[in-house]
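Take a look at these structures.
What follows is chain A paired twice: with chain B in the first complex and chain C in the second.
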Partner chain A sequence: MRGAVGLLALLVIVAVVSPAEAMPRVHRPEFTKNGDPATFDILGGGSPEGAWAIELRGGYPWSSFRGQLGMRGGLTPLVDLQTALFKRWEPSLGFSGRIVDRPRGRLSGELLIGWTIETGEVPKNGPHAVARVRVMGILGRVAPWFAVATGHTVYVDETIRISENATETTLSARHEWAPVVEAGIAIAITKHVGIDLGFDWHFVGAPDRFALPGLHLGVQVGAGPRPPPMDFAR
Partner chain B sequence: MRSLTPLLLLLALPACTVDPGVEYGSATLPLVDMHLHTGEWEDIPSATRRFLAERFPFPLGLDAEATAASVLTGEGVLAELDKAGAAEGVLFAVYAPRSVGITTNETVIEHIDADPGRLWGLASLRVDRWRTDRDAELAALDAALDHPRMIGVKLAHAHQHFRMDDVDYFGIYDVAQAHNAPVYLHTGPSPFPGTSQDAPYTDPAFLEAAITRYPGVSFILGHLGFDFIHGDEGALETCIRLAKEHDNVFLEPSAFGSSSGDPDQVHLPHALARIREEGLVDRVIYGSDGPQSPGFVNTYAERTIHAMTEAGYSADEARAVLSGNFARVFDVAPAVLP
Partner chain C sequence: MRLLPPLLLLPSLLCGCASDTTTLFEVELRGVITYGAEVGPVEVQVHFEEAGEGELNHPLGEIDRFWTALDTPFVFAFDYPQDEGVGLIVYAWYDADDDGVLCAPGQVDEPAGLIVVPGFPLHDVDVDMDVGVRCQGPEDLLP
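Up next, the complex of A and B:
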């Protein structure tokens, strides 16, 4: 955990302290001077207006699909589907946006709402909401990234009590907390295709329940207008 | 994916096999875990299966049956013992169809065969049709105890729904006495669905009539009367009193010192300290109540060692708790380090 905090701190420093004179369009390293790779949009958060990107991620125990499309004003709607062992499903809709955008790094936030469906020995389902912060350092084609999220699901239990004279139904709600820590290395193979390798730790049922950490491999694809940063365009 | 899960578990879990024995200060001591469960997932009532699945580390509970299968077989138990550095373990037969399920004597014997040099068994019997089946059940218990590795009897009045002081069931102790077989008894309120929580089923004070009537039978008070419902020490002092007043009473501190039951590591150190204060260290027999989930057997041993250290146990006292008292009470050869 201490290592994860250290990595987060390093990435935040890289993202925030690097030169900011070119705002709002920023000077990118040579590889990205004609626009950021789609891989960095998915894992760093946010997309330029009109650009789209998708990611397919496979791993244990979590696999996922994500798609996002940049809109005017920096807002990026996204669709997200996560599954653990194909027995717990978390489809979500939301949006992300870049909070800090620097040549060597990026800080973004995202909010999602959706529905959790769990099968298996204890079937359950209910609405959920997720807030996530992403930090990415950009080193040419390679970009280490880190994300933390807090997920909240509400399950509604129905209890039916059948007595001699009546049937009584009561509803009660349970809250499940699922903080998530993720990190990885993104590699932009081209502007449109990239991969990432990382770990993810979904603490489903925290703090009462222990969770195993996971590993994943992701493939990102994207296209669309990616205008070069302003200082390259001059 | 199910076939891949054990492999991925091996990658994900930090455990792996350790050298036999556990470190206690500068000493390396043999470890015997006298409280282990085996059996089949489908023989557990659905409410208890859900209870257990919710307590497996995520995501193991999503495929609880596969997870249980990986630790509940004889081979699975041996793997968990290896992780803990334990030399031997004792598997429990259970006949509690309305609460925690059924693990037959035959199943226990079958799993003991995975390594008959390291595994022992405690036999049990059904009591839910006692009026009609009593003689047949006692005969079956008697036959199970004829097996050389079946060295004791397991009872759980709370899970099996019969009073601790009901003399109609004292024939069980006659069978145990005939085989010189210690009797392990669950004490204290239990978290499992379908449990009888009232005092005559959970309070070890209600065992005193049997303890007094059968001085030749060793009574092992499981969980030290811990109240798993309220998370407090429950009948600990009653257990200590019974051990002080009766030479045939022994104490087993399993389950309540787990990371979920005792997150701040308060209850287990306190219980072991009280036992030591009362001069009862030679009555304590270590058990974990595993395997529960992968790694639990090892973790519980570590927490018990921590608790004994906190309570000021010497290496000799720790050796007695971890293996010596078991060998003496069950009249088996002491576990030794290779």
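Up next, the complex of A and C:
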């Protein structure tokens, strides 16, 4: 825990002293324009070319880490690690991109692939893929956001059958669907640091299993080149 | 989206990372259940001697059950999941009033019996049992 706090503090310092701070200060409406706060990049999806952002989210039962870096052409590679009570782990790699990008709102999509590892009484492990859509409204420094995702994990089971004459091994596959609904309020404290408070609802094993929603608090940090203010008429 | 599960299957197969392994030991149970000279339906249940691990360990644990008839030789094949428990117990009760319930209130006192199979695991298990204890479940008949 101390290590995580130390790392976060270091990233905050790096973000604050980064060259992007040298960009001319803009009045409040300008601040809200697209591509500005790192918080909005993380929760709204996508990053401007060369800009990076990370998020550390603590919650119950789900916590997560996410990092992304804007590339040329609007494609944003990202790394994502989610955990439920440190018993189910979902590390993923993927890409994010903005589909609609307006001064007052943003729509983005992302695709991730990774591996699910669950420990405990019924351990599971298998590859997964996630497709997510994010929507964000931008109201000054505050941005309500909403995201829906569909996650698919395939578990391969091994059955060893021991008969009197032979031992046979067969493999079979199980599919687990895990749709996720998330929403929250993002607050950009500065262009480089922000927080988010929200709920997340992970329906692991849907539709056969039901889940209760969880709450989270996230801290986002980021820096890097930002695009010039956009024309509101765009 | 239909192609996604097969595509996701590939990495697991390539790395040999099974999520769950079940070991099934094939068992063929043969025998005869008797109760004097009576003839009628009898239910036979096969159980672990002990099931579960650690704090979840407990005696018994049903594996399978079937119906046969008293004084009639039977053969019953089942898969014994070796990862879930140890030992084998065969329990049987005679459904004297043919109601499908062991000793329903106000009905006939039905006889039952239990055998702990020695030397298990075995692929071929022979059980000859004379039921005679009234209205007892397998938990009451454990040695």
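As a working rule, the second predicted complex is superposed on the first by the 197 of 234 C-alpha atoms of A that agree within 3 Å, B and C clash if a C-alpha of one lies under 4 Å from a C-alpha of the other, contacts with A are read in each partner's own complex, and residues count from 1 in each chain.
Operating definition for what follows: contacts are C-beta pairs under 8 Å (C-beta built on N, C-alpha and C of every residue); 3 or more make two chains touch, one makes a residue touch a chain.
What you see is a predicted model, and the numbers here were worked out from it, not measured in a lab.
Visitor: Determine, for the superposed arrangement built on chain A, whether chain B and chain C clash or fit.
Guide: On the superposed model, which is not a single observed complex, chain B and chain C clash.
Visitor: Let me test your reading of the model: by the given contact rule, A:Tyr155 touches which partner, first (chain B), second (chain C), both or neither?
Guide: second
Visitor: For A:Gly126, decide between first (touching chain B), second (touching chain C), both and neither.
Guide: After superposing on A, A:Gly126 lies in contact with chain C but is clear of chain B.
Visitor: So, A:Gly205: does it touch chain B (first), chain C (second), both, or neither?
Guide: first
Visitor: Could you look at A:His216 and tell me whether it touches chain B, chain C, both or neither (first, second, both, neither)?
Guide: neither
Visitor: One more residue to check, A:Glu164. First (chain B), second (chain C), both or neither?
Guide: second
Visitor: According to the stated criteria, A:Phe86 is in contact with first (chain B), second (chain C), both, or neither; which is it?
Guide: first
Visitor: Look at A:His175 in the shared chain and tell me whether it touches chain B only, chain C only, both, or neither; answer first, second, both or neither.
Guide: The answer is second: A:His175 touches chain C but not chain B.
Visitor: Which stretch of chain B would you flag for clashing with chain C, going by 91-99, 109-117 or 145-153?
Guide: The listed stretch with clashing C-alpha atoms is 91-99.
Visitor: Please identify the positions on chain A that touch both chain B and chain C, taking each partner from its own complex.
Guide: Residues 121 of chain A touch both chain B and chain C.
Visitor: What residues on chain A touch chain C, complex-wise?
Guide: It is residues 115, 121, 123-129, 152-164, 171, 173-175 of chain A that touch chain C.
Visitor: Which residues of chain A touch chain B in the complex?
Guide: Against chain B, chain A makes touches at 60-61, 84-88, 118-122, 202-205, 208-214.
Visitor: Give every residue of chain C touching chain A within the complex, in rising order.
Guide: 4-5, 7-9, 11-13, 17-26, 56, 79, 82, 123-124
Visitor: What does chain B use to touch chain A in their complex?
Guide: Going through chain B, the ones touching chain A are 1, 4, 8-9, 12-13, 49-50, 53-55, 57-65, 259-260.
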